[in-house]
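So, here's a batch of structures to check.
Two complexes are shown next, each including chain A; its partner changes from chain B in the first to chain C in the second.
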Partner chain A sequence: MEHVSAKGNFNLRGIVVRFGFLIVFALFFAFFATWNPVFISGNNLLNIVEGSAILMIIALGMTLIVATGGIDLSVGIALDFGAAFAVVAMKTYDMGWGSAVCAGLIGGSLVGLFNAALVVGLRISPFLATLGTFFIGSSVQRIFTNGGGPISHRRMPDGFRNIAQGDVFGIPSEVILAAVLVVIYYLVLERSVWGRRVHAMGMQRSASIVAGIRVNRILIACFVFASITCAVGGLISAANIRMFTPLSGFSYLLDAIAAVFIGAALHPRGRPNVLGTVAGVLFLGMVTNGLNLMGLNFNTKDALSGIILVSALALAVAQRNMRNADGD
Partner chain B sequence: MTEAAFRLRDIVQVFPGVRALDGANLTVHPGEVHGLVGENGAGKSTIIKVLAGVYQPAEGHIDVGGTAISPATPEKIHAAGVRFIHQELHLVPHFTVTESVFMGQELAGPMGLATTRMRRAAEAFMRDQLGSALPGNRLIRDLSPAERKLVQVARALIDGEARVVVFDEPTAPLASEEVLKIMKAIEQLKSRGIAILYVSHYLNEITELCDRVTVFRKGKDVAVFDEITADTGTELVSAMIGRELDAFFPATSRQAGEVALRLQGFSDGQTFEDVTLDIRRGEIFGIAGLIGSGREELVDALYGLRRRASGTLTLDGTVLDTQSAANAVANGMVLVPRDRRHDGLVLPMTVEENATLATLDESSSLGLIDRKRIREVTQKLIGDLDIRPANARAVTRYLSGGNQQKVVLARWLAKSAKIFIFDEPTVGVDVGAKSEIYQLIENLASEGAIILMSSSDPIELVGTCDRVAVMMRGEVRTIIEKDALNVDHLVAMTTGATDMPEVAHAG
Partner chain C sequence: MQANARHQKHALATFVGLLPLIIFLALLLYVGLNAPNFLTFMNLKLVLAQSLPVVLAVIGLSAVVMAGGDDVVSGGIDLSIPATAVLCAGIVAVITTAGLSLVLAAGAALVACMLVGGINALLVTLLRMTPLLTTLAMFVAVVGINNVITSRRRLDLTSDAIASLRQDFAFGLPLGIIIVGILVLISYHLLHRTKWGLNLQAAGGSRDAAEISGIRVNTLVAQSYLLAAFMGFVTGFFILARGNGYSPGTEDNLMLEMVLANFLGAAFSPRRVVTMWGAVLGAVLVAAISIGLKTIGVNVFWTDLIKGALIVTVVALSAISERVR
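The block that comes next holds the complex of A and B.
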């Protein structure tokens, strides 16, 4: 396997394997900056970060589930439930904003518990189980809202509105929330004993069982933890627009998956990881923002961003395969 | 003497820094099954690649069926009727048996693919040449590993041109009962006058199946056995490692202590029944038994990997909960599993991550891993067990079998467990590392651990164990004490001697 490794053979391939994605990231950045100098203004960069906050949060949850070796197609449902429970708590039950936040998080956790019951209890594969949760969750929302009408709540308590619209030293609160979650996820998934076990379980379940890891407990905790995280995204979204819009979480699903897989490809051993996910999310946010600034029409922009996303994923996968072929 | 099917003479193959083959010879005659054995790195796979025309040796002669082939290229070798059954299957799971057999060599008729003709040909070949009644429309993914192997064989031989067939570790992924199917197929090929080169780590298969055996060591053929006798197994091992067997197993003056671990009435309701065993502290207690004897299932049930219908486990009189693997580990019982690559290691993880997987709590504070501490722990384990490469960040997938097994051992040594279950501890491990692993097990026993060793290798059991329980058809038939423990007796007991299955030596 080592026979043909590049020795003294300074080649393009080696550079691509190591830095491929970062190069693409930089090229896009430079391209957008030259096209429209507004792109690199401090204000716009902050816009990118702020606009990526919810996706960042959803993608963190997705990272955790992908690290267990599964996938979660119901992240959007957890987001919707988080928003719905919080809005209904304030509007119908007249709760304070703190209680509403708790209600939202509990709402999200129901989605995770349901997933865990399907995956751990009934041994359905995560893909099918969370797909089922997605359909059931969507129907529940439609029934509850008589076909999908939004529930608006104009007189939302300030405390709740600050989740999205407040700021600390000029940094928007949703960015701070996302950053805090990034730090927590990083510590939990990449630095903690528990996270190491999650990775082990995701890579080789049978070996993890023999090593004495309680894989079912970990799996349940992961699904619940991830769905609560997504519910935080729902709180931000509800606070932002002062309403609950049914089925709005779905739009984050593909981007979240893409961000996680871009992130995994950035990892030297191809693992899903928090910092990689952050890079993936920022890349997607940059592309969306950059295309907007180019002033393309709506349809062209959508097609372009799709092409870029697919190419980024293809590159990420190719990079990982080349790396595996090199035996590292 | 008939013309040799192929003859390799004085082959020298040099890689940068290594003489992989140093004047090696290998001759195989038509209608014989010829074994090729040797430690990892002895040059077995190199000489196969030379025969295949993949490597061009610096010196030496290759002739096939009496005709010299020089230079040997893969095309010429194929044309001369030499076929290779590689270790990897390279089959498409969603293809049928027929499609797989004819992949890349499809038969065409006037209406395009001659599907019916191909199916009949594939089925006839499986039936007549390999003795397997496999329907041509079965999907590969529904086949057992042995059946897939047979499909692979059929694919290589269906053109009817094969004179020589090389099997490279054909049975490595198979359960023992499946091995019989492969052996039966090889017997059939042999009876048709095809020369067979059989490369394997499994010496019991070699001695059962082969008519002659060549032993490689350090790039040379060091011995050729023209006759297989009852002692050939041990002689092969000596020839492979170049020292006597006594030196191979650790010497011991260890005295076993009191009975400490008690299995009472273990049953799983299907594969084993009412197993009761008393195991002493500081004892290496062997469990022998063929596949289907319930030996593997018993091990799984002991460790909580398999549901048990009844049975209690007590350690020094108190009940030990091993209903799940996690409970077993928490209570000081650990397993070195038989399937190292699936159950032993998280292959994409590093040596460090694998070796410390069960002891993370001891190297952490506030739930966060202390990376400096864990590196130290790992370095110490790597040194203690002589794991190579001595790199904590090496990915375990790329380690040799012996070093992979040492990583599994390292994990449990770090855990300082009281009860060790070794299930086939040296399968796929080269002879040098085997010896080290036996020494480690011996050391553990000397320090007062309780050791259960489940193995299908009688030499291993005799060489290391104090007592051996023999299982057959789900029951413990007998327990052989140390002074009655020898390979012949153990094999006779394990196989039921009188109703031994008729396998090889047919021709």
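The block that comes next holds the complex of A and C.
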């Protein structure tokens, strides 16, 4: 599947091919900007980044799992659990915001532990295991909320509300949280020995076992780490709307997968990677925002963003194929 | 002694291998004991009638999985079938509601559905995109387009021909069940008894080996996506018949039940591969469990949990039986 190019990608065509997607990114940007000048205003650009913060966080968790060679369909459940545990901790148990954050992260990690038990313990393939987790997690939320009604908590401690609504020097705190996580993920996955092991395992699992990598331990760590990350997204969404809405995490699933695979197609060797995911998330965020500003009917907007999604993925993959042809 | 031990091990593997089916039948028996009219002929007909769209969709899906290999992430999978099905249902509903003929509506729907299949085939074979990703993205795009076509409204059925799939009877069975039965037999013959079908399975079993022996894998894979799109087209009519019209949002449940039926079917088969019989059996059992749980008054909130636990149990058991062997 993936060709490792021996010659490197330093020829001119390789560079042009590599940035093809970014050119399309720029074209879309220019198109939206000419359609509606508001698009390009500083305020709106900040809106795009702020609106993408939760998706960015979920997509980072997804990047980690896809890098191990799997996929995680239960990212939304981890988000919901993070929000639910935090809101219930504050509302029912009257905890301070610090403890509520911890409760949320622990709640998210339960999802990762369950996935890890299925994938590592029972050796179920990640797709089916996390699909099972998705079904079970959705049902648990329905049972817990007696059918799926939201749990609202208007009088949240200020500290908790600041997770989404505070700012530092005018930069919204959710953007800062997402940026910090991007840096952490970049350092861990792309710049550390541990990250090398994760990639090695995703590319050649049996070879990495022979090489002495403790595959099972890494897999467990990845699932737990990813689910805690998604729980952070849940904390932000809970703080934003001051309530826990059951099953709300599902809406991020497809966009997160798309962002990761757009990012992977941008990588010279087609690997999922943190910076590529960031580009993918910003692209999707820009398209959503741009289509919103065009003032289209809700259904038309949905259809257009679906078509753009398919085309963007096809383009990114076509570009990778051309690149591989260059490398061979 | 050694032969005996091996024999015992084999018997154990067979038993573990049959467990998924046993669990299902036990669950149905439990439902039957708690709701006496569940296991009657009338009710079983109802279960069959409910399962028809899933049966049709899963035939298409199993063809794609056979041709592409059964690894979920890198092998063949077509998640866009439910979207194709609602696209057909939506187009037919809109055109017939506008007072135009059913033939015209069916023709337009067929063109649209085959276009979706063609794009899938092109992206997967020519661009070598991962099928999971391709068809998931196509699902979103097609559902989006369909929502524009139907404006997300409920459209009541105006065509008597489609309603007769549900209402009319032949040989004591609803017409729909008979037609789907015939389609199942035809596709069984096509996929398991013809040269084309065997080549398809060879392509999915080992792509490299198939290519070396001269099978044109890409052509077969492309054809499997077109077949899947066609099954999606047929499914559309049965969705209209079952729901007595078009309702927005049918696709999500169809997608989950289709995927569930497909993988349960693989767990039922002796060699743990996707087969058509397994998939059809899976589809009927999934419908039976859904209706059965409703009949004995299990809270709706719990049904997903039970389905999720079923997936996990069945797939885990099939992994275990592989290891025992």
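Criterion: the second predicted complex is superposed on the first by the 311 of 328 C-alpha atoms of A that agree within 3 Å, B and C clash if a C-alpha of one lies under 4 Å from a C-alpha of the other, contacts with A are read in each partner's own complex, and residues count from 1 in each chain.
Definition applied: contacts are C-beta pairs under 8 Å (C-beta built on N, C-alpha and C of every residue); 3 or more make two chains touch, one makes a residue touch a chain.
Since this is a predicted model, take the numbers as computed values, not measurements.
Novice: With both structures lined up on chain A, is it a clash or a fit for chain B and chain C?
Specialist: They clash: once the shared chain is superposed, the two partners overlap in space.
Novice: Taking the superposition on A as described, I'd like to know which of chain B and chain C A:G42 touches: first, second, both or neither.
Specialist: Once the two structures are laid over each other on A, A:G42 reaches no partner at all.
Novice: With both structures fitted on chain A, tell me whether chain B or chain C touches more of chain A's residues.
Specialist: C
Novice: Name the contact category of A:G295: first (chain B only), second (chain C only), both, or neither.
Specialist: neither
Novice: So in the superposed three-chain picture, is A:G170 touching just chain B, just chain C, both, or none of them (first/second/both/neither)?
Specialist: It touches nothing on chain B or chain C.
Novice: Quick one: classify A:R142 as touching chain B (first), chain C (second), both or neither.
Specialist: The second partner, chain C, only.
Novice: With both complexes superposed on chain A, which partner does A:A200 reach: first (chain B), second (chain C), both or neither?
Specialist: After superposition on chain A, A:A200 lies in contact with chain B alone.
Novice: Can A:V210 be said to touch chain B (first), chain C (second), both, or neither?
Specialist: First partner only.
Novice: Taking 134-142, 206-214 or 296-304 from chain C, which overlaps chain B after aligning chain A?
Specialist: 206-214
Novice: In the superposed view, which residues of chain A touch chain B and also chain C?
Specialist: 1
Novice: Which stretch or stretches of chain A touch chain B in the complex?
Specialist: It is residues 1, 3, 187, 191-194, 196-197, 199-200, 203-204, 206-214, 269-271, 327-328 of chain A that touch chain B.
Novice: Spell out the residues on chain B that touch chain A in their complex, using ranges where they run on.
Specialist: Within the complex, chain B contacts chain A at residues 15, 303, 305, 324-326, 328-330, 334-335, 337, 342-349, 353, 357-358, 360-361, 364, 367-369, 395, 398, 411.
Novice: Touching residues of chain C toward chain A in the complex: what are they?
Specialist: Where chain C meets chain A, its residues are 71-74, 119, 123, 127-130, 132-134, 136-138, 140-145, 147-148, 151-152, 256, 259, 263, 299-309, 311-312, 315-316, 319-320, 323.
Novice: Can you check the complex and tell me which residues of chain A touch chain C?
Specialist: Those in contact with chain C are residues 1, 69-71, 118, 122-129, 131-140, 142-143, 146-147, 254, 257-258, 261, 299-300, 302-307, 309-310, 313-314, 317-318, 321.
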